[in-house]
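The data blocks that follow each hold one structure.
Both of the next two complexes hold subunit A, though its partner changes from subunit B to subunit C.
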Partner chain A sequence: MNKLSVILRGSLRPLASLRLTVLCLLVGMLLIFAGTLDQVHIGIHGAQEKYFRSFTTLWKIPGLAFGNFHFGYLPLPGGYLIGSILLINLLAAHIARFRLLWRQIGILLIHIGIMLLLIGELLTGLLAEESVMNLDEGERSSYSESNRKTELVFIREIDGNKEQVVAIPEKMLENSEGETLHHPLLPFSLHIEKFMANAELKLRTENASALPSGATTGIGVQVTASRKARSGKPDEQDSTTALVELRAEDDGKLGKWLFSKNLRVQSFKYGGNTFFMSVRRQRSYKPFTLELVDFTHDRYAGTNIPKNFSSKLRLIHPAAGVNREVLVFMNNPLRYGGYTFYQQGFDNNDTTSILQVVRNPAWIMPYASCTMVGVGLIIQFGMHLVRFSRRRRKP
Partner chain B sequence: MIRIAIAIACLLYLSSGFLPEPSNGQLNSQAMGSFPVLVNGRIKPLDTVARNSLQIISGKQSFQGADSKLSAMQWLLEVLYDCSSADKRKVFRIDNPDLLALFGKSRDDGKFYSFAFLETFQETIKHQASMAGSIEARLRSSFQKQAIGLQQKVSLYSRLRFSLQIPGATNVLQTLERFMEIIDPGLTQSNLKAEGKEYNVELVDELRELSTAQFTQAHNAYFLPILPDKSGDDKEEWKKFGQAVMQCADSGELSSMIKSYASLGDAFRAGTVDTFGDLANTHLEHLQNHHPGTLSRTSKESLFNQLKPFSRCIVLYIAAFLSICTFWLLGRTTFRDAAFSILIWSIAVHAGALATRMWLENRPPVTNLYSSAVFVGFGAVVLGAILEKFYRNGVGTVAASLIGFLTLLIAHALSLNGDTLEMMRAVLDSNFWLATHVVVISLGYAATFLAGALAIAHIILSLISKKYIKEPGKNITGMVYAIICFATLFSFVGTILGGIWADQSWGRFWGWDPKENGALLIVLWNAVILHARWGGIIHQRGLMLAAVFGNIVTSWSWFGTNMLGVGLHSYGFTTAAFRWLLIFAVSQLIIMIIGGFCLKQPSHKVAGRSG
Partner chain C sequence: MCLPPQFRDHNRPVIRNLLHTLLLFSLASCHRQEIRVYTVEKENQNEAAIQTHPAKVSMPTSLPDGWEPLAPSGMRKASYHIQSVGNDSLDCSVISFPGVAGGLDANVNRWRKEVGLEALGASELRASIIHSAIDNHKALIVDINGHDRATLGAIVPLKHETWFFKLSGSPKAISSQKENFASFLENVRIDATQAEALGQFTATQHQSRSLERPTITYRLPEGWKEMQPTTMRVASFSIPGTGGLDADVSVIPLPGKAGTDLSSLNQWRRQLKLEEVTQIDDLSIRQIGNLKYKVVDISSTEALINGEHKARILVAFTEKADHKWFFKMVGAESVVVRETQNFFSMISSVAYGE
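On to the complex of A and B.
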């Protein structure tokens, strides 16, 4: 047993090294610095994906260009890689070097807290969903729309007042480029000829030299579409665009359509049904409904400086027996059903409220880890302080 | 003995601020300085309006003309009541040579220009400013920034002119009384006119002219001087001068506040010193009787402006610094004790001024970039003084007085943009989080800067003072180490509290926003230092150099991240500071290089794990 433990400890030593810790922290600092500077160019979401939610990344150091040639590239490990190494390093250190002693309780708490923090950030990156709910005064809604993701929808009216919606997420379109998709509710299949995460659309009459979009029917015939890099800036939405051929059961071709976030709804008659087709922000439906009763926007007297925004909402969830009014304002969100609704903005002369909707199953983790680290730091440095003042009191 | 001498000197110096400014037979403008007005949602004394406006327009808080010197309040009164004289004063500061060229001037013609001169170029200024305004803020050239700045100055000045009367009006009280007199008959006449009947043309025209004047005044005015009748603090009830006059039209009777503002103006133009003084005192009495709470605040703020406690702190910190430097050079402990005494006095003034600001604003100490500078300095100075109390070796005093002086200098530079007690943006309006997250993170900045300043003091003292190397130099590792522990604790807890605030108010704990990343860098850097030391990777010299580098990391987090102009925290945007940030970073690197070459590695003892 002892021998085994000695061997284990010995073999873990390199992994547990403090030099590795310091190296990881230093590289982490460089990564964070790079990820901060690059936000000016690729936006906050772009930087999150490129630097912090990745395994490796390449930093284009600003200011090192010579004419058109940029020579200042620095490969860096991404947030996931540094985080993982730090986690292993910490675990190894505790197995190899630390012993369970009361005197080390502070360090133990700090380190467990930090591990939780790292895991929490990983889970948030993987699981958290952010979306937006726009409500006009008096309007009800039970869905929110994604900030960044889009979907291609086929809507057909059934039974007079109902709609049947088939939605294909952007990701699925992207992964099926060149393939054919089938759905039991659609009497035709979709052959994804081309997918563009972001595109610039122009009228052919204005841009005669560019190649046509390839569409053979619908509004797509009149436009050109060229690929564009994803924007990543918070105030810009990517224009998801796809060239799709609709194919009938018997493989009869029903024409190539261009669908895009920047194009209006197009319609198509087939088999006695009219299908309305468009690319829209991805919707996620909730089991409950919110109604905007009133939106208020206070300003400081005699100025346009906003003082407060608030939305009076009615929360309706018949299945749970809930029907009540709630007030959402700055620093005071509504938490319900695993979702949190924040006052994000407003529009249309203060009659539309924009709510940020967040679902983050890991939201509790940072709270737990922070408490641990905070307490740990206080214990650890408190012990230093006590030891120090004892030493000073001795002559 | 030395303590008593220092106490007397400090008290004398501080009490000199209470002396009234010499009036030289001019009107006593100070009484009017505490009159409350509402600007940008905040109730403030006229004195603050005067100082901030003059500061924005001319870059100074007083006006020095060819033959006369005016205090800010004297200048403002002239703008408000006698603008034909004020317009000729060269108060507008223009530095940009291209902007000067636009007006056919060059730097040789001087930096200061009058409103009367600029008025002839109003269209040009407006045109240039609106073109510059269409460019994204961080891409604007220096000319474009200054064009926008000048447009804002001109607009501020012209709005000030309209604040208490129509520019150039005379006999204002008489005119207003005439207005009240003719309002009823005038309305009857204009009704006749509307019905197509015969009417008194002169009376209708006169009424129209008088009421248009009030609307124009109210439309252009900068501040709201008329308090509501009831003593309440409902700011919605405050009125612009013209609005209040129109309100009086119903009763046909001018309110006492309107009368007194109007007659103050008449007395000012007539130059009757005694009448002006009596009127101002009557107005003060009225305020005292009806709005004692409001007046108490504004008169205290006016006194605060006059005392300039932070400027006095700067002087005291310099005195402490010089005294402690003398100690290092001459080795007499009297100078060390004197320096510590002065430091304590300065801390007391600093604390009092901070507390006054908190009381005036009804907020925790840090609400904007300016107050963060004041508070970070305060935190570092107090920590430094505690270290000094423990070690009694003079190093704490050097570092504390240096930081106190520098941070207040930064605060002064930041105060030049206008009111430092402005209202909070909605997203920041939470006293709980301002009191926890912002205060704790500021203490984290303070501690990291203090560690850096201690290290700089160590590097420089090792070079110049033999006495230092013999004695206190040995303790420096412990001092810096202790402060870095403190910095780690506070910057970590502060950063985390910020995350919790973010989670509470916009739904994510951590968003990799520049300001958040900046705070994280400080935490990581402190963690690097501690781990490197525990691992024996750095010893005394390494610790010192790392602590100096902490200054760069902290200043990046504090100011640099705001300059990127992205993210949710970019409320403290300031561009001119970028050059200073760079200069600061380079200076720290130079100190690190000097330290790297000059510090000796203590050979007798290898610092191992002490944590």
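On to the complex of A and C.
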């Protein structure tokens, strides 16, 4: 062993500490416990973002309150931090402590599998996109909509049968509160007066004492909008709302509009064009189209408990010469073009199918890592078994 | 809990490397946000249709006693004034909003605040909601009782919109109108499949349509007594039975498809206090006169009439002249069985007007 190797191993030894592994696992358990408890309040998505896809988090320990004053807060490392430390810890352990020996091949496979699992989860968190596609029977669609993210869109008709969409993501609206956004395809600029990640809208006629929304034109004049906390619950969607003033260089201020996910599309004529404006769920267009041919829903006799539901779809991708029918049902998704379409649900008296659309470049990693861990365990325990049985045979 | 000593004591470069790695991870997690521009096929849209395809929701034309329709105003699709017990009056409003309209929790808690109650947490609130159905669409029933104000509401979340049916008044008056409100909701018709974007339906339109309702002529069976038609019934009969056990026959035409067969069947089963079904087993096809009718014949399992006699419902329905025609006989089982032949004879004699 040369000197450099000795120095490297020595310097990595603190990071390779087994105590650090145990510490990370214990904190990880605490994090899972905290996330599970908090999931009741903030929903599965909220818990996932707050506890597991973050570097640090603050757990509001339930029950530790004096009147309205809550004093039970515990800062915790988030899932990304614990996962990263575990990954480094495992890598360091291999460099500092383990040697490439045939008798350790099982352990090596198990550890590589765990590393892949950690990296896979990180890549999933960073790269995976989840959205939904709602299709009525007979309807075609080439886009899916985000579960959580929204966008403010300005739609303008071009060439008679096409429309040009300028979509401003919710995050950009949030970061631009008080600022002005410009885009060369819009003949006006957008001054974001107020952004609300979630808002409660009420009619002014029903709530006369509430302050008006601030809108000077459009349907926003008739409503009030008050800020609300974000909801992370799976069955609720935040009502992204923004008060935006449209400004033009030549004509000055063109009015303040209230855009909200809970308001209908509004239109505005300017410069010879009609713009349709709304806040909607962020769309992701695909190069292919899906048509819902038929949706079937079987229930257990005499109950409303679903037994099976499936969607017969037609996949149309002219550029690839694809036009075929596919059947999607529970645990039998359609994988095409890097997307996976799972049967998620149904609506409207079984005439609408809801497909979950997942794009996860790292989808293979959990399968590969679990296989490696499984094979590693079999080898490791197999070797122990052989050794044990040999020892027993000796007199 | 503290870090192991060797982690704290040495090798600052290693810790620095660790921090660098973490920084890289955190930078990688910052998703870049930018304005997207794309061109797509034009959707079949106009201002209202881009996002919302409003369902066609029809208010009942036959209202419970004491219910007086008011002209729709502002956002109200329909509005009713109800004179209840004593001098108490109630207000019934029907409103729809696009999308989820702020969410279930926010709306129910708003109603709670209106009657002077505290907002509830999500789990308590969900537990207080009764799951039901209006014309085969999911409906969430909320019964909120404050000290001097109460609200009975139904929230119907549809694909692109949410409908709110709200009855508000004093707790005593609400209590006296619960059955009427349920009966009102039972007769609401929702057609969410038609995406007629701009054709939002109002009570006024429906009332004017009811004036144009179709007519029939028929031969009156012996022993049957003609009753005054109502806004919903084009013909109505009473069949006197022995011991005060009368049966009632109604002829009701509803425009369009008027809900599914299953929703109608379950509505009649509810009347007989039978459990709802998910499949139609109690339906037969019968040729009556020149037309084929679907026939449902169901009996209660409990003695619903005077606590001594089982009730029975016999319904024949068919589609004719853009309407679904319901001929329904309901009464004590013995009377319905006895009058079955007369019931079908009367139907076979029916001539539908244009």
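Basically, the second predicted complex is superposed on the first by the 375 of 395 C-alpha atoms of A that agree within 3 Å, B and C clash if a C-alpha of one lies under 4 Å from a C-alpha of the other, contacts with A are read in each partner's own complex, and residues count from 1 in each chain.
In this section, contacts are C-beta pairs under 8 Å (C-beta built on N, C-alpha and C of every residue); 3 or more make two chains touch, one makes a residue touch a chain.
These numbers come from a predicted model, not from an experiment.
K.L.:
Quick check on the superposition: with subunit A as the shared anchor, is it clash or fit for subunit B versus subunit C?
P.N.:
Here subunit B and subunit C cannot both sit on subunit A without a clash.
K.L.:
Tell me the contact category for A:40 with respect to subunit B and subunit C: first, second, both or neither.
P.N.:
A:40: touches subunit B and subunit C.
K.L.:
Of the two partners subunit B and subunit C, which one touches more residues belonging to subunit A?
P.N.:
C
K.L.:
Figure out whether A:26 sits in contact with subunit B (first) or subunit C (second), or with both, or with neither.
P.N.:
Both partners.
K.L.:
Identify the partner contact of A:311: answer first if only subunit B is touched, second if only subunit C is, both if each is, neither if none is.
P.N.:
neither
K.L.:
Which partner does A:131 reach: the first (subunit B), the second (subunit C), both, or neither?
P.N.:
After superposing on A, A:131 lies clear of both subunit B and subunit C.
K.L.:
So in the superposed three-chain picture, is A:285 touching just subunit B, just subunit C, both, or none of them (first/second/both/neither)?
P.N.:
Second partner only, subunit C.
K.L.:
A:165 in the overlay: touching subunit B, subunit C, both, or neither? Say first, second, both or neither.
P.N.:
In the superposition, A:165 touches subunit C alone.
K.L.:
Considering only the touch criterion stated at the top, classify A:342 as touching first (subunit B), second (subunit C), both, or neither.
P.N.:
In the superposed model, A:342 contacts subunit B only, not subunit C.
K.L.:
Tell me the contact category for A:262 with respect to subunit B and subunit C: first, second, both or neither.
P.N.:
The answer is second: A:262 touches subunit C but not subunit B.
K.L.:
Can you tell which stretch of subunit C bumps into subunit B once we superpose, 110-118, 128-136 or 164-172?
P.N.:
None of the options clash except 128-136.
K.L.:
Per the definitions at the top, what is the overlap between the subunit A residues touching subunit B and those touching subunit C?
P.N.:
Shared contact residues on subunit A (touching subunit B in one complex, subunit C in the other): 17, 19, 26, 40, 299, 301-303.
K.L.:
Please name which positions on subunit A make contact with subunit B in the complex.
P.N.:
17-19, 21-22, 25-26, 28-29, 32-33, 35-37, 39-40, 43-44, 47-48, 51-52, 120-121, 124, 128, 130, 299-303, 305-309, 330-331, 333, 340, 342, 344, 356, 358, 360, 363, 366-367, 370, 373-374, 377-378, 380-381, 384-385, 388, 392
K.L.:
Flag every residue of subunit C that touches subunit A in the complex, lowest number first.
P.N.:
Residues 1, 3-4, 6-7, 9-11, 13-14, 18, 21-22, 25-26, 28-29, 31, 33-43, 45, 47-48, 50-52, 74-75, 97-106, 110, 122-123, 136-137, 158-159, 192-193, 260, 277-279.
K.L.:
For the complex, which residues does subunit A have touching subunit C?
P.N.:
Within the complex, subunit A contacts subunit C at residues 11-15, 17, 19-20, 23, 26-27, 40-41, 53, 55, 80-81, 84-85, 88, 122, 125-126, 134, 142-143, 151, 155, 157-158, 160-169, 171-172, 175, 181, 183, 185, 200-203, 205-206, 228, 231, 233, 236-237, 239, 261-267, 276, 278, 280, 285, 299, 301-304, 347-349, 351-352.
K.L.:
Going by the contact rule at the top, pick out the subunit B residues touching subunit A in the complex.
P.N.:
Of all residues in subunit B, those touching subunit A are 38-42, 224, 235-236, 238, 390, 423, 425-427, 429-430, 433, 478, 482, 485-486, 488-489, 492-493, 496, 499-501, 503-514, 517-518, 520-521, 524-525, 527-528, 531-532, 534-535, 537, 553, 561, 564-567, 611.
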